[in-house]
C-alpha cells in the first residue's frame, strides 16, 4: 500500500487508482505522464517517461493499475518512476482480490453512524423551520453528502470529506456554546447553518472521487447552489414566507465571511460570524495538519497556498506523547 | 416646484413629500429635523430647527407637507429653513389640487411604452429558454420592475429607475453588437441578462419611493434573490435540467464583475463580461451626470463616493450646444 | 442606575463616574462637555451645554458626579442633557452610601474563583516550561491581569475584561480539543498561549478603568511587551536555551494572525492558527453582542467599525427563549 | 498554413515567420529553441530540440523559415517538433512564391478604407481644436497608426491592431451616444479621445510585427508619450492656451481609469469615464474571444492573466448559429 | 502676531490675511464663517458666528483683516472667536504700517541666494543635456519656482516651499553620494531630477499663496506637466533625439515611486529610486515636524492623514538641547 | 576565479564553495544537481546532469570543489555544466594553496577599521542610555555583527553584509542631518537605531555564509529578537525604567515602516521614519545595483522580486566615466 512505500523501498509493486492523469512534454521533446495515484492508505505521484499514444489511451483518470516502479525523492516528496504497468479492468478485480472501495482515502470517522447522530440531533431542535429544511435537504442528497469530498485539494479532499467537515463544524459549535452562553446567539441556526453551509458541493463537486468541479459548480458556485436548495425546499414545504428561511439562506450566503472570498453578502447575523469563523478554522487545521504529516518532526512543510504561501514547523507529534 | 427654487428666492411656499426624516440633536442641545423633500421636479433638503415631539410625530417619512421656508446656500447646495408647516392628509389632496404622483421624480423615459418594446423584443428572440424565463419573471413582477428605483442613492434613484437602468443596458448591448460581430458572443444571453441582472431589486428595495432596503434585501442581496427567481422559475417551467438556465443564472450572479463587489462568482462567460461592464458604465454615467447637473459650468462637483471620492468638472452643457 | 433609564424617564437623578470628558465647541461658538458616564450597570452619554471654565475644571475624567438630567433619544441611542450637577469627593462617599467599586462595569464572571481554576489547570499540565513561565508571569501581574480591560473600546472593555477574554480563549480551546483529536496539536501550548497572548496589555492599558493607552503601550504594543515578558522570565528561570520558550513567544507574536494586523510574524505553528482564530472570534462575539444589546429586537445595530462598518440584525433574544 | 494544422496532421511542411525565438536549456543539459511562428492564418509554437550554436545563429526573431515538423498536443495546445528547417532569405522569396505580407496576422477589417472613414468623420466634427489636433497627429504617424499592434500580447496583437482597437472604441462610442443622450457628454471629445488614447503606442511598440517594447516606451509609457504629442502639436498649431487642449490631454492621461493601472490622473471629466470603460471592454472582449477560439465548444480556456487568471467557458459558437 | 497668541491671551487684536474662507451652517440654522488666517509667523483658525450676507461679501479669501477676537482651545488647537472685524484695503496698508509680504509664511531659508547656488551647481555639471534642460526650465519659471508652495496642505505649504523642497532633495542627494559611491548611479541625473521632479507645480498650484490647485493642475497633474516641460524644451533646444532627455523625463514621471501614487511609470532607472525615496522622506519629515511643533513635549500630535492617520509623539525638542 | 569566466571561456577549471545544493529531477526522469557556487570574486550557477547517489552524497552545501566545466548562457545568465569534479577536504587546502576565506564574497569595505570608527562615534554621543545599550549589544555579538550577511538573498548577502548595511545607514543618517537641522530630530536616537535596527539578524541568520534562516529566526523574526536584546540589556544595566530605552525599542520595532512589512508597531517617532526610509533605500540601492552589474550597458536586468518584479535599465557605468 502507498503509505508503506518510503525512500528505502527501491523497487515496488503497487495497485492503485489514477486520481488524475496529466500529459506533459519533456524538455527533450518526448511526452511523459504524471499519474496522481491513490489507494485507501494515501496518495503518491508517479511518472511514466517517454509515454506513447497507447499509454495515454490506457492510463486514464479513474483507471486501476498495477505498476512496477522505482522510488525517487524529489524536493523531500516521494515520487515513483513507472517501469511497467498493467491496467486492471473491473472483471479482473476478483482475480486480484481487490474492490473499488480499496482505492479511495476515506474520512477517519464512521460516516454512517455519525450521520445518524447528526439527523437525530437536528431532529431534537425546537425550531421547526430550520429543522425541516435541513433534514429534507440532507436527505435529498444523503448519498452525496455522505461521500463527496469537501474540496478538490484545499481541505478534506477524501471520500466523506464533505460530511466530515460539516459534522466537525457542528461539533465545534456545540462545544463552544457553553463559553458564549452570555451572548444572544440562536444556536439552532448555528447548528443548521453548520450542516448546510457547504451543501451546494453535492452539485459543485464531480463525484465522491472528484478531482474536478462540474461546469454547474464553476458557473454558480456551491454557495449559490446551497442558497437555491433552501429557497426551493421552502417553496415545496410552503414556508416561503417564513422569515427563518431567510436566516438559513443568509448564513449559507455569508459563510465565506467576506465578499472577496466569494460570499455575496457579508455576515449581518452573529450566527454567520460563528459559522464562517469555525469553517475557516476547520479547513485550516485539516490542511496544515495534512502538510505536517508529510514532513518529519523538526522539518518545515512546503509552502501552503491556502495559508498565503507560509510553511509550518512540525514540532509536535501527537503519537509520541500519547 | 422644487426646481424653481434658487438662491435668490428668499421666501418660498412649497408642497412636497418627505422622502426621509432624520432627527438630529444640535450642539446647543435642542433637536432639529432634516427633511429630505421631493416633488416631481427634484429634491431639496429642508431643516426644522428646535423641533418638538409633536413635530417629530407629524413630519414622518412619506408625509405630504406644505411649508413656508427661507432659502439658504450651504456648501454650494441649496437648503431650506422651515418657518412653518402643515401636513396635508390624503383626503385634503383634492382641495390642494394635488395627487400622490406629483411627489416623485420619474425616469425621463416612457416606461410603459418602452416596457412593451422590451417585451416585444425579448419575444422575438430565438432561444426559448432565455425568452420564457425572462418574460415570465418580468411579468410576475411587472409593477415593481416598472416603478422601483435602481438604488437608494448610488444611481437611478427615481421612480422607474430599475426599468430605466435595465432598459439602458439592453439598448447599450444592442448598439455595440455590430462592433463585436467578430466575437463568439451569445447576444440573446446578453440581452436577457441585461434585463434580469438587477431583477432581485424588486424584493431588495422597500418600494417605488424607497429610501431604504428591506431586511430580506439586506440578508440576501439582489444578486442572490435574482438567482433564485431564475432557479424557481426554471422548476415551474420544468426547465431545471436545461443548461441554458445555468447561463442566465451565471450572468446574474457575476453581474458585479468581481467577488469584492459582491458577485459570488466572477464572469466565466464572455457575456458576463459585457453585462457587468455595461452595468458599471451605465450607473457611473447616471451618477456623475446627476452630480454635474447640481453645479454650474466651470465648477467641480462634490466628492462622489461611488467614484472613489473623486470630483468631476462640469465643462460642457448639452443644452447650450444643441 | 444607568440601565434603568429609558426614553420614558423624562427627568432623572443619577450618580455616576465620568469615564471620559470631551470638550467641544458648539456651532454657535459656545463650549459644551460630552461626559461618558458609567456605573456598574452600564454606560450612557451625557452633555452639558454652555459649559464654563469652572465646569471644565470640575467635570474631569474619573470624577464621581451626581446629576439632574433630562433624557433624549438621538440616533436611537439614549442621551442625557445635564441640568445641574454636583461633584462627590471621596470623603463624601459614605454620606451618599457609595463606594468606588459601584462605578465600573465588571466582567460577568467570578474572576477570583475562575483565576484559581485557571492556575490549577495550568498547574496540571505536563510541559514544565510552558507551565512555569505562564504561572510566573500571571502571578507577577496577577492584580492587573484580573482587573484590566482587554481594550479601550473594541472588545471586553470592562473591569476584568482582560482575564475574561483570556479565560474564554482557554475554555474555547479546551472545548474544541475533542473535535481535533486527529491533528498534531500541542494543546498545552494552545492553553498557555491562550492565557498569555494578551498579557502585554497589563502594561499597554493605563489601568483597570482605563479609557486610554500608555505611552509605553503605544510605542511597543502589547504583543512585543508580552514577548519580552516571556524572554525575561525565561532568563530568570534559566530556560533561555529551551526551545519550548520560542514556541510560547511565537504564539504570542503571531496572535494577531497577519502582519497587517500587527503580528511581526505570521503563524508557523498550527497552535498559533488556533489561538489567533479563537482570539478573533471571541472579540467579535463580544463586540457584536454588545451592540445587539443596544438595539431592540428587529432593529439593526449601528455601523460597527471593527466589523468593517457592517450593521447586524438583532433577530433573537436569548432571554425570551429560555 | 498554420490554421490548417491540427492534431491529426502528423507531419507537416510549413513556411512561417519567427515572431520570437527563445533559447532554453533542457533538464538534460542540452539547449533547445522555442520558436513562436506566425503566418497570416495564425500562430503556433514550435520547438527545436538539441539546438546547436549554428541553429541559434540562423533561427533569429524575424527570419522566414521552412520546416518539416511533427505535431504534438500539449495542455490542449498544438505544438510542432521541428525535424528539419531551412532559412529563406529575401532574395529567395520569389522562388517560393511568397512575400513578407504573408507572414503577419492582420486585423480582420479593411484598415485603409476605415482609416479614411475615420478621417472623414473627425473632419465632420465641429470643435476645431479637437479636430485639428487629432487629425494632425494621426496623419503624422499614419503609417504606424495603421499597422502597429495594440499590444505585445494582451490584446489586438496583430498588424493593424492599434487602428482596429482605436476604431472599435470610436464605433462603440458612436453607437451608445443615443442611449446617453440625456447626459451632459461632449461626444466630440469622446470621439477624439477614442482615436488618440493609445496613440503613444506608435513610439512604445517596436514595430508593426513587434513582439517587444522600445526603451523609450518602457521609460515613458504610451500614455505620457501621447500626452506630449498633444502638447507639442498644440504649440505647433499655436493652441497652447486653448482649454480644449487640456481636455484632450486629460482623456489620454486618464484612459487607464485608475492610478494603479498607470494613469497619472484619474478621470475627472465624464468623457474620460466613457473612454476608459470602452477601452477596457474592447480589450477584454478581444482577449477572451481569442482564447475561446483556441479551445473547443464545451471546454474551458487556459487561465487568462489579464482576467485575473480566470478561465472562460466556450459555450457558444457564432458560426454554428448564423 | 499669530505665534504670540496662546490660550492665556483672552482677548486679542490681530491683523492677518484670510488664506481661505469657508461658509458653514450651524446646527441652529444660522450661518457662520471659518476663516483660515495667516501672517508671517504662523496660521490660526478663526470663526465668525451668526454671519450676515455682508460678512460673507467682505471676508473673502485673500482679504487682509483686523480683528478683535477671544481665544478658545478646541481639541488642543487654539481657535479664535471673532467679535469684530475691519477689512483693510491696499490703500490703507501704509496707514497700518503693513505690506502684503507680512502675511505669508516663508520657507526658513534664503531662497534667492540658495537659488543662485543651485544654478551655479547645475552649471558645474558635465552632462550638457541634463544641464541645459534643467537650467532653461527653472529660468523660464524662476519666479514661480522660487515662491510657490510645494503643496496646498500635505507638505512645504509656505511661500518658497517648492524651492525649499526641491533644494532639500538636491542637498540630500549630494550628501549621500559618498555612501553609495560603490553603485552605478548617474548622480548628475539624480541632481537634475531632484531639481525638476516637482517643477510642474508652477502650473498646478494657483499661486504663491495658493490654497487651491488650478483646473489645469487637476486635469493634468504636476507630473505630466513637468514631463511636457522637458519634452517641449528638448524640441526647442533641438535635443529631441537625445536619449538623456528620456532619462530626465523618466525620473520626473517615476518620482511618485508607484503607479498607485500617481506615477504613470514606476522607476526603472536606479536614479528614479533615489529621487522618489528622498522625495517621500523630505515631505514626511516636513509634515511630521510641523505637527510636532503644534503640540507640547510629551504630547501626541493629532492624526496625520498623510501618515495613514498615525499620531507622533513629541519627545524631543531641538532647542532645549542646543 | 568566477568573475573571470565569461561566455567566451568555453571550458574552465574552477575551485569554489557550494553555497547551496538543490537536487532536481529532470523531465527525462533522471536526477541532476543545481550547485550555487561562490568564491571571493562572485557567484555562478553550475549544473551536474544525471547525478548519482554518490554525487548527491559528495556535493553538499558547504563543500569546496574543483570542477571542469563548460560555459553556457541561459536567459542572459552564465551557467556552468559540470563535466567532472573533485571534492577538496580541509586537509588538502594547503596542497591547493587555498584557504576557506577565499570562498566567500566580502563586503567591499574594511569592516574592522570601520567597526572601530563606529564604536568610537557611538562613544562620542551624549545620551548615556542609547550609548551604553548600543555598545553593550554590539560588543556581545561583535563577531556575528561583523561577519554575518544582512539577508539570504534580498540584499547585502555577503560576509560582513550586516555590518556594511548598518554602517551605511549610520553614514547616511549623519550625512543628511545638515539638511534637516530645522526639524526636531533626536539624531543620537537615529544613529543608535541605525546601528541596532537589524541586530536580531545575528540570531536569525544561520551564520556568516548562511544561505538559510534559523528556526529561531523564523519563529521570532529579527525585529522581535532585537527588541528583546534591548529589553534584556536594559535590565542588566538596571535601566529598565528609563524611557529612552522605550525609544530605542520603538525604532527597532518600527524599522520595517509598516505592519504589513512585519513591524508590530508603525513609526510614531520621527526618528523611526528616518531609519525605516534609509533602511529601505539602502537595501534597494544594493539590490538594484547588484542586478545592474549582471547585465551589460544598454540591457535590462531580470525581474527583481523585491522591486515588485520590475526590471531596471543599465544605462550608466561608473567606471567608464571616472
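First chain written, first letter: the chains are A, B, C, D, E and F, and each begins at residue 1.
The rule is short, and it goes like this: a residue touches a chain if its C-beta (ideal position, glycine included) is under 8 Å from a C-beta of that chain, and two chains touch if they have at least 3 such contacts.
What you are looking at is a predicted structure, and each value in this text was computed from that prediction instead of being measured.
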| field | Labels of chains that are neighbours to chain A and to chain F | value | C, D
| said: Are the interface residues of chain D and chain E largely the same numbers on each copy, more than half shared, or largely different? | reply: same
| query | For chain A, which other chain has the most distant CA centre? | reply | E
| message | Contact counts by the stated rule: is the higher one at E-F or C-F? | response | E-F
| task | Go ahead and note the Å separation of the Cα centroids belonging to chain B and chain D. | result | 39
| Mean-CA-position distance for chain F and chain D (Å) | 43
| said: Counting only Cα atoms for the centres, state how far chain C is from chain D in Å. | reply: 59
| request: Note the residues in chain D that touch 2 or more other chains, in rising order. | output: 24, 26-28, 215, 218-219, 247, 268-269, 300, 313
| message | Using the definition of touching given at the top, classify the network of chains in this structure as line, ring, star, complete or other. | response | other
| field | Chains grouped in pairs wherever the two touch, ordered by label | value | A-B, A-C, A-D, A-F, B-C, B-D, B-E, C-E, C-F, D-E, D-F, E-F
| Once bound in the complex, which stretches of chain C touch chain A? | 108, 168, 171-172, 175-176, 178-180, 182-186, 189, 247, 266-270, 273-274, 277-278, 280-281, 284-286, 288-289, 292-293, 300, 308, 310-318
| request: Name, in rising order, each residue of chain B that touches chain A in their complex. | output: 215-216, 218-221, 223-224, 227-228, 231-232, 235, 243, 246-247, 249-250, 253, 259-265, 268-269
| Can you list the chain A residues touching chain F in their complex? | 24, 26-28, 30, 32, 47, 49-50, 72-75, 79, 81, 300, 313
| task | In the complex, go through chain B and note every residue touching chain C. | result | 23-29, 31, 215, 218-219
